[in-house]
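In what follows, structures are represented as structure tokens.
Across the two complexes that follow, subunit A remains constant while its partner is subunit B and subsequently subunit C.
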Partner chain A sequence: MNARLLAAATGSWLVLWLPPIRHTLESDMVLHMAVQVPLLIMLGVLVAVVARDREPRWLADADWLGIPGIVAVVLGTSFWMLPRALDQAVSDPWADLIKFLSLPLLVGVPLGLSWRRMPPLGRAFIWANFIPKLGAIGGLYLGAPTRLCAYYRLDQQELAGWTLIAIAVALGMTWFFAAFVGWTPSCAKQSPRRSGGFLIAAVGGN
Partner chain B sequence: MTRGFPVLLAFVLSIGIGTLAFETDGFRVVTSAGARQLSIERAPQGVPDAQLVDQDGTPFTLADYKGRPVLIDFIYTRCPTICTALGDDFARLRQLMGGTRAHAAIDLLSISFDPTDNRAALRLYGDRFGAKAPRWRIAAAADQRARAALLHSFGVVVIPDGLGGFIHNDAVYVVDAQGRLARILDSDAPDRLLAAAVQVAAP
Partner chain C sequence: MTIAATAGRTAINPRAAVLAYLAVSGIVLLLMMLLGLTMRLAQAQWIDVSPDFFYVVMTMHGAGMVGIAGLCSAAVMWHFVRRHVPVSTAVFLTNLVFFLIGAVLILGAGFIGGFGAAWTFLFPLPAHSGGLWSVNAAAAYLVGLIFIGVGFLLLHLDIARGILSVYGGLGAALGVKQAFGLAHGEEGPPPAVTASTMALIANILGILVGAAVLIISLVNLYVPSFTFNALAAKNLIYYFGHTFINVTIYMAVIAVYEILPIYAHRAWKTNWAFYLAWVLSTVFVLTVYTHHLLMDFAMPTWTLVAGQVISWLSGLPVLLVTAFGTLTVVYRSGLRWNPAAALVFLGVAGWAIGVIPAIADGTIAVNSVMHNTQWVPGHFHTYLLLGMVAMVLGFMTYLTNPQSRYGVAWLGYWLYLLGGVVFVLAFLSAGSASVPRRYAVHVAQWLPYDRIGSIGAACAIAGVLILIVRFFVGMRTAASAQDPSG
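== the complex of A and B ==
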């Protein structure tokens, strides 16, 4: 089971790396930021969930309350939101390989390992930071009069801005209902096995 | 909490923030254009000796400008937007020049990156803005290799606009009297552009 999931993750990684698929996903700013990057992170989360039992003891101890791990996630995602970094990934295959390795291994794996160690309030803090940040970056993209990425058109940049805002609104609404109406999204439920989305459950569940 | 916690946290923070600082040149730039502007300002670099042909059919290279600073923009003659603005800027610059000796010593050069721009197209574009060689050349690379070398060396990225045209950098490149790319200026109000160019090109 575990070996099969690991093989599936590696296989998906290789499929995403195939030039036709890679170039298609990177030809558009929205596909690059809102599809390829999250998929690469999710592959890392999947690996972390599968290999969780093999996590070295010292790492589990040093990652107190998941703090170092979530710091890695925040810094890693910030890096790959820089327009310069996206440009380099598009124009230089080596930079793209660094992206393909760092997003699963330095963002996805820490996310999968550290999230369950974080206290509920810590998770809420991360969400409460992440959602407005997403919206603010979307607003920056919309408001920028010039192109930020040399390889993407201004209309793609605007669409990317709207997409980020849409994701922020969707996440914000979800958590609004979770916090005030009492409806709990599957990723916050206590037993991940019963909820639908395996990956999301793995991130959110205990 | 174990003793490993502060070590791991310090490790993650230093590597992460160090990488972010490296990528943003010390938190000063977030775009590749900005990074390139900064690196050229710090260390001017040589330009390729690529063969060009101007609107009169005269062949020349950038080395021919040695001793005279030159302002360069990259265009294509069918361009309805940026290049028209760049052409207007250069035309206005031409008018502002001629005052002092420093101004008179500066040449203008518009390089087309569109392989379909023939001499007639270059001449038509030049006539639109009153450009006359050799003080303001409208030129195209002699061949594909020269074009690639120029675009690469100046850091110009050209992408299709989806409507049959191109989208490209709209900066003005200052090559100083020593023949080095010394500054990349945002295309701006011509008088400010001229002041900046004079300062860089003929101090």
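== the complex of A and C ==
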């Protein structure tokens, strides 16, 4: 199972790296930010599922409450949100390769490993920070007086802004309705009433 | 469903933590009331306050009162909800620490930096000071709000965690099944849980929206070329601001549900109507904010019509079931009135009475005339000063109530009540005479309202001072005491 998962993750990574797919996804700001980047992070999360059983004890101990890992996630994602970084990835294949390696390994893997260690309140807090910040960044894209990325047009930038706002609203609504009805992801159904349903599970299990 | 909430989980005494909240609340409340009195005295021309400083005081009074209303009503909510669900005392205290950090930043922004853009920080005013305050002062104010928001976010998320761990979903904790007849009303969650669920739903959503607009405002301060649609920003700010201040009443009303039955020796009975009222008010509180934008002609008409209709309906469901429940608990119960019971009873009355001028102001035809008059501070001071604050003072008195000595507390009660009534009536009368609000300098024809209002405010402050001093005197014994309910 683990080997298949690893193979699937590696295969997907290679598919995303194929020039036609890579160029298509990077030709549009929305596809770049809202499709390619999240997909690369998800591949890292898949790798984390495989690595979880072999994780060294010292690393698990050092990742106290999952905080160092989540800090790495925040730093990594923040860097690749910078317009200049996105520009670099579009114009320089080496920078793009660094993005293709860093997003799965320095963001996805820590996310997959550390999220489970984080207490329920911490997970909920991360969500509660992530959602409005996504909306605020979308708002700033709409309000920016000039192009933020040299390689994307103003209309693409505006569409990216609306897309980020839409994702923030969708995530917020999903989070709210899941908590309202007490929905728990199947991976976290150890004891939904005791564990506190979605808020506690919050995409990652107990 | 009652559980020993946090027994064995923390070394911090939860009761002492609640008292710490109330102690901070008492001091800040008094200071903010004094700022309010300063404004009324300045308008009455009994003291000299420069217009620049008037707006600093107005901003600090507004922000401070909204913050402290949230803090003390959160103490009421947490004290009672922890009887039913597991919550963390550490998180509760973290909120207090965040609040204090935020308060220092806000006070520094005002009294050192001169920030005076009103507590609503309407975009893009913080960045356009006309030389009265610096960018850093405005940023300190906004960052202070973020600190306070983060603290409340943590607190509500922790209560949500506790509620979900017992009830499975927020809908179940709100009593949705009971509201729609799918389960017996008597089997529903306790009122404290239902009210807390409503509060956390509204406040978490409100804080998320508020965080977004605060970040955008901060960026605009330092990079003014990054602009944002001002009307959209106003919508976001009032979604957050209205929800936050409105929810303080719904948190404080838990004191009524819990304290009155103790003194009346009658349980607060819940039924389908009670839960339906809370479900409806949850929806209304999240959608009513557009009544703050009735004068914004650029808003789509349907949003303003919705704002008017929902304003008429918004407070009524919970108010009606609470007022009716209060009367049925008290009527022929043989209740021996004491200041704690009288204060929470007064809180329901103040809330009910204050809603009437609020509904009037929520009507577009009236709002177009009254919105910028003192009618508005008149109505919100009625249900906040004589409603929410009365409930909190009742809670403070209940926690530190040595049953044999009521004399001083009664004096405080009557001073507070009579002063408060005079104070709000002065505002409402001035509003009906079209005296504008938020004016630092008043013309001679307006002075009688200002002077009567100042006297009322001074009396109310004296009453609150007595009640709070009495609270501090009783704090030491209260920290180790059991609840009067046992």
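Heads up, the rule we're going with is that the second predicted complex is superposed on the first by the 180 of 206 C-alpha atoms of A that agree within 3 Å, B and C clash if a C-alpha of one lies under 4 Å from a C-alpha of the other, contacts with A are read in each partner's own complex, and residues count from 1 in each chain.
Please note the rule applied: contacts are C-beta pairs under 8 Å (C-beta built on N, C-alpha and C of every residue); 3 or more make two chains touch, one makes a residue touch a chain.
Note that the structure is predicted; figures quoted are calculated from it, not measured.
When the shared chain is aligned, no partner comes close enough to touch A:L14: not subunit B, not subunit C. With both structures placed on the common chain, the touch criterion links A:D61 to subunit B but leaves subunit C unconnected.
When the two complexes are overlaid on their common chain A, residue A:L97 makes contact with neither subunit B nor subunit C. Of the two partner chains, neither subunit B nor subunit C is touched by A:A170. Within the complex formed with subunit A, the residues of subunit C that make contact are 88, 91, 153-154, 157-158, 160-162, 164-172, 201, 204-205, 207-213, 215-216, 219-220, 225-229, 232. In the complex of the two chains, the subunit A residues touching subunit C come out as 120-121, 124-125, 128-129, 131-133, 135-136, 139-140, 142-146, 168, 172, 176, 179-183, 192-200.
Residue ranges on subunit B touching subunit A, taken from their complex, read 1-2, 4-5, 7-9, 11-13, 16-17, 19-20, 23-24, 29-35, 157, 159, 161-162, 167, 169.
Residues of subunit A that touch subunit B in their complex: 58-59, 61-64, 67-69, 71-72, 75-76, 78-79, 82-85, 87-88, 91, 147-154.
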